[in-house]
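Okay, got some structures for you below.
Below are two complexes that have chain A in common, paired first with chain B and then with chain C.
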Partner chain A sequence: MDIDLPIALILGQDGIINGAIYALLALAILLVFTVTRVLMIPQGEFVAFGALTMAALQAGQPARLVWLLAALAVAEAIADLIVLRTRRQGAQVTFSALLVKLAYPFVLAALLYNLPTATLPMPVQAMFTLAIIVPMGPQIYRLFFQPIASAPSLILLIAAIAVDVSLVGVSLFVFGPESASTAPFSEASFEFGSVNVSSQALWVVGSALALIVALWLFFSHTLHGKALRAAAVNRTGATLMGISPVFAGKASFLLATLLGALSGILIAPITPISFDSGFVISLKGFVGAIIGGLISYPLAAAGALAVGLIEAFAAFWASSYKEVIVFTLIIPFLLWRSLTRHTLEEEE
Partner chain B sequence: MFPKYLATFAATLTFTIGAANAQVRIGVIASSTGPVASIGIPQKNSAALLPIRVGDLTVEYVVLDDGSDPTAAVTAAKKLINEHHVDAIIGPSGSPQAMGLVQFVAEAGTPMIAPVGSAGVVLPMNAQKKWVFKTTQNDSASVEVLLAHMAKTGIRKIGVMISNDAFGENRYKEIVAQAKGFGLSIVANEKYQRGDTSVMGQVMKLIAAKPEAIFIACPGSPAILPQATLRDKGYKGRIYQSDGAALEAFLKQGGKKVEGTILQGSMMLVLSEIPASNPSRKVMSDYVAAYEKRFGKAETFGSQLYDAGLLVANAIPVAVRKAKPGTAEFRAALRDALEATKDFVATQGRYSMTPENHSGMDKKGANELITVQEGKWRLVR
Partner chain C sequence: MNASEEKLLEVRNLHVAYGKVEALQGVSLAIAKGRMGQIVTVIGPNGAGKTTLLSAIMGLLPSRGEIFFAGELEPVPEVGRMVRRGMNLVPEKRELFAEMSVEDNLILGAFQRYRQGYRDHDRSLREVFALFPRLLERRRQRAGTLSGGERQMVAIGRALMAQPTLLMLDEPSLGLAPLVVREIFRIIVELRKRGVSILLVEQNARAALQVADYAYVIETGGIVMEGQAENLRNDPRVIEAYLGLGQHQEKLA
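On to the complex of A and B.
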C-alpha cells in the first residue's frame, strides 16, 4: 500500500509520542545500569503503576497501591533495625530517619482514604501518584539489591527478574485484570497544516524533553548529579572519593521510578494500560538503551525515538511482523557493538 | 518467558471448594493470572458457586491457575490427575491451553469440559477428543452471525483487525472461510498485539482501504483501542466486535467511541430483554445473582465455566449408578453420561451432546446479537 504525506505525518507523530516515552524509559534503564549494574527489568511496572494509580484516583477509588509502599517501608525498617543492632557504626541509619520513613506511607494512606481524590485538580492527583510510587524505587534497591550490590551481574539480573515478576503479581492483585485509561490533561488540539496534533501529544513530547533537559542539568550542574555520574563511570574510584555506593544506588532507583511513573501518567490518557502492559513498553525502551550500547544517554534517547518511529511505520506496512521488526533491530546493533567494542564495563 | 515463572509459582497455589474428603472430586483450571486474567478471574470465581452436593454425593472442586500459559496448563492438569485423582476437569480458559490438554486427559481417561470457543478442541472427533467437551459456542457460529448481519444490511467490503494471538487467528480463519458465502470481500486485514500502546499504523491502513464495516476480534479490554483510534481518526463505518469484547469494561472505557458497535454476546448482557419463556433466563439470573452477591459485577466468561460445572453435576448421578467415584470406571461412565446429555438447560442455553457433537450448543447458540446504545447493551431487533 502506498503511503502519502498525511498518513506519513500521522504515523510520524504517533511514533514520536511513543518514542518519547521509550526514550524516558531507556534513560532510566541506562542510569540504573551504569550506576548499579542492575538491568532494570521492573522499569515497566512503574509505568503501569503510574497509569493505573492515576486512573484509580480519578475514579475516586482509594489508591490501594499505597499498601505496597507501606509493606515495603515496614520491611525496610526491619532490615534497618537489624543493621542498627548488629553494626557498631550504623552511620547510614539514624533512628529518627527510620521513624519518618515508616510513618510516611501511613500518613499518605490516611490522606488518600479521606480526600475526595476524584475531584482534586489533575496536577494534585499526579503529585499523589508520584508520592506513592517514587519512594518504592529506593525501597526496592534497599531491600533487594543493596544486600547483593557486589554480586555478579547475572545474580543482579535474576534478582531483577524476581522483583519484576512479583510486582506484576501485586499489580494484578491491586488493580485487577482490566485496563484503565485516564482523562486527558486538556482536550484542545491544534492544526499544523494538514496534521491535527492533540494537546496530549504535545504534553508527552514536551514533558519528555523537559525531563531530559532537567536530567542533563542535574548531572552536569549539581553535586549529587556529578556524584552519580562519577559512580557510573568508575564505581571503585567514586567510593574512594567518598561517594557512597548506597546513596548512588538509591538515587538512581529513585530517578528510575520517577521517570517510569511519569511515563505512565503521560501515556495513560492516550492508551489504556493494564497490569501487564508495562513489561513490553519498557522492553522497547530497553531496545533503545541497547542501541545506545548501555553507555551513551544521547544515543539511547535517539535509539528509543527510532524504535517508536520504526514501530509506527512497521504497523502500517506489516502489522503481523511489527514486534518481530522492532525486536530484530537489536541484533545488528549487538553485532556491531561486539565487533567494535572497547571494554568500558569493569567486571569485578 | 517471564509469565512462565509466574505461572509455575501460581500453579502451586491451590485452593479447594467443598468438603475436603468429598466423594467426587472435580479439577478446575482457570487463567486467573497472566494476559487473559480478565477471562480467568470470573471463571475462577464461578467455580465457587458450583453445587457441592449432587444427590447424596458431596463434590469438591480443586481450582488451579495456569497463568494463561499452555505449558502451565499441562502441569496443572497432570497435577490434578496424578495428585488429586480428579474425576473430571473443568477448564482451561483459553483454546491454546485446551488444545494442549487433549492428549493428556485422553491418556488419563479423564473427561474435560472446556469453556473455550475453538471448535478444533472437539473436531474432528477422534479417540482422544472423545474425552473433551466444550460449553462455549463455536468460533464459526459467532463469526457467521455477524457476517450474516453485515450481508443483510448491505455491506460488501469489510476490514478486519485482529489480535495477534490464538483468539484472533481463529476468528480470522473463520472470517476468511465464510466471507465469500455472504458476498463480502475483505479489503484490509491488520493485526495488533494485545499490549500495544498504539495501533495508529494499522488504523490508517484500514481507513485507507475504505471498508464499509470493520470487524475487530480480540479478547478482553484491548479490543477497545483499535475502535477508539478508528473513531478518533474519523472512521464513520459500522464496527463489529467479537464476543471477546462482551465485557463491562468495554462499555465503561469505550464510552462514546463504542456507541453503535454490533457484537455477539451472552444473554447475560441483555437479561432484562430476554423473554421469560426462554428457560435459560432463570438459570442465568440465578447465577448472576449468586455471583454478584459474592464477587461484584458478573462477566459472561464466568457463566461459560459455570455451565461446564452444571453439565458435570448433571452427569454425576447417571455415572454413579455404574461405578464408584475415584475409579477409572467412574470417569468413563461420567464421559458416557456427558455424551448422552440431552436438552439440558444451563445459563447459556440448551445443551445436547452426541458422540459426534461434543460442542453441545446448536448453531444458533445462546448468544444474542447485541448493540451498544447510550452506553448500555441492547438486543438488536
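On to the complex of A and C.
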C-alpha cells in the first residue's frame, strides 16, 4: 500500500500520542523495577481504572471502584494491627494514622455517592478519579510486596502476575464488559497544513511532556526524589541513611499508579478502553522499558515513543500483524543488549 | 540496674545467629558519655563477628540481648530510628550511591534529619567540606569514579551529615594507602574533639589502639579481653596476636 505525506502525518500523530502514553508507563515500570525489583505487570490496569472510572463519573454512575480501595484499606489496617501487636518492625504505625487511612475510602465513597458526578467540572472528575486510584499503589505494595520484599525476583514476578489477574477480575466485576470512552478535555482542533490535530492529542503530548519534566525535577532536585534514586542504586546504602525500603517501595508504587491513572484519563477520550485493555498497554510500556535496558530513563522514554510510532505504521501496512510487529521489536534489542552489555563496576 | 545515664551506648549479652551458627555469643560492651567524644575500638581477626556486632547494634540484623542507646532501651533496633536518635554506621563496603554525585551522596546523609524538620543540611555540608576539602573539589563528580580514599571520605562525610553522636566505623582503613589511612585516623581524632563518639572496628589493630580510649578484643563471637587502649597496647598477648612485633606489614584484606 502506498503511503503519502498526509497519511504519514496522521499515522505519525497517532504514533506520538500512543508513544507518549507508553513512555509514561515505561518510566513508571522502570522506577518500580529499579527500586523494588518488581516488574509492574499491573501497571496497565491502573490505566484502565483511570479511563473507566472517569467514564463512570461522566455517566453519572457511582464509581464502584472506591469499594476496592475500601477493601484494600481494611486489609491494610488488619495487617498493620498485627504488626502493632507484635511490634516486629519497630512499630512505626500509630493508631491515629491507621484510623485516618481507614476512614479515607469511606469518606470518599460518601462524597461520590451523593454528589452529581456527571455535572461536575472535568478537572474535579479527574481529581476524584485520582483520589480513588492513586492510594491503591502503596496499599498494594504494603499488602502483596512488602512481606516478600527480599524474595527472589521470580517470586516477585509471580506475585505481580497474581495481582494483575486479580485486578482484571475486579475490573470486569466493577465496570462490566463494555468498553467506554470519555468526553475530550475540549472540542477545539487545529489545522497544521493538511493535518487536523485534535486538541486532545495536544493535551496528551503536552501533559506527558510536563509529567516527564516534573519527574526529572523531582528526581534531580528534591531530597525525596534523590532518596528514591538512592534506594534504586544501592539498597543497603539507602537503608543506612534511614531511607527505608518500605518508604521507597510505597513511594515508587504511588508514582506508578499516579502515572497509570493519569495516562488512562488522558487516553480515554481518544481510545475506547475496556476492563481488559490494560495488559496489552502495559506490555508496550514494557517493550519501551526493555529497550532502555531497564536502567536508562531517557532510553526507555525514547523506546516507548518508537513503539508507538511503529505500532501506528504497522497498523496501516499490516494491521493484523500490528501486535506481532511491536512485540518482535524486543528481540533485536535484547540481542543488542546481550552483546553490548557492560556490567557496572561495583566496589570490591 | 537500668540504663545507666553516663553511658552513650551499652550492649548487654548480645547474641546473633545465622541459622544455627552463633556469630555473637553474649557480647557486652559500653561507650561512656562525656563532654568529649570517646573512641572505643573492637579489634580481632577476620570472622570474629566484628561486622555482625555493628550490624546488630544498628538494627540491620535481628539479635537477642539488650541495647541501650543514649539512655533508652532499644527493644527492636530499627535503622531509621537509630539514625534519627543519632547513631550512624559507615559499613566496610562504603555502600555509596555510585551513579550519583558526591554532593547528592552527602545530602542524602541528612535525609532523616530533613524528614524530622531540620533544614540545616547546607551548614552540615559546609562542615563536611571543611573536614574533607578534597570532596569540595569533587562535589559534582559521580561517587563511582572516586579513588578508594575519596570514597571512604564520602562515606564518613555522608554519615556526618546526620549529625550523629555515635559514629560506627567498620574497617575504615581497609584497602587504603598508608597516607590515606593516616588522613582517615586524623579525622577520627578530630571528630572526637567535636564531641562525636566513635565505635571503631579494625583489623589494623596498631592504628586503632593508637587513637582509641578503650578497646575490646573479640574472638569467635565473644569478648576475650578489654581495657584502656594504652594498657592493651602494652599487653603481651595483644602484642603477640595483633601487633605482630617487628612485622610492619599493616594487613591485607
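Rule of thumb we're sticking to: the second predicted complex is superposed on the first by the 338 of 348 C-alpha atoms of A that agree within 3 Å, B and C clash if a C-alpha of one lies under 4 Å from a C-alpha of the other, contacts with A are read in each partner's own complex, and residues count from 1 in each chain.
The definition used in the following text is that a contact is a pair of C-beta atoms (placed from the backbone, for glycine too) under 8 Å apart; a residue touches a chain by one contact, two chains touch by 3 or more.
In this text the structure is predicted, and so the values were computed from the model without any measurement.
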item	value
Which superposed partner A:329 touches (first chain B, second chain C, both, neither)	neither
Touching partner for A:229 - first (chain B), second (chain C), both, neither	second
Touched partner set for A:240, first chain B, second chain C, both or neither	second
Touched partner set for A:172, first chain B, second chain C, both or neither	first
Most chain A residues touched (candidates chain B, chain C)	B
Which of chain B and chain C A:312 touches, first, second, both or neither	first
First, second, both or neither for A:279, with chain B first and chain C second	first
Partner chain(s) touched by A:16 [first = chain B, second = chain C, both, neither]	neither
Which of chain B and chain C A:267 touches, first, second, both or neither	first
Complex contact set, residues of chain C against chain A	58-60, 75-81, 83-84, 88-89, 91, 93-100, 104, 107-112, 114-115, 144, 151, 158, 162, 175
Interfacial residue positions of chain B with respect to chain A in the complex	2, 5-6, 9-10, 33-35, 37-38, 40-41, 164, 190-193, 195-202, 204-205, 208-209, 220-222, 224-225, 233, 247, 249, 253
Residue ranges of chain A touching chain C (in the complex, touch as defined)	87-92, 223, 226-227, 229-230, 233-234, 236-244, 344-348
Chain A residues within the chain B interface of the complex	1, 7, 10-11, 14, 17-18, 21, 161, 164-165, 168-169, 172, 176-181, 267, 270-277, 279-281, 311-317, 319-320, 322-323
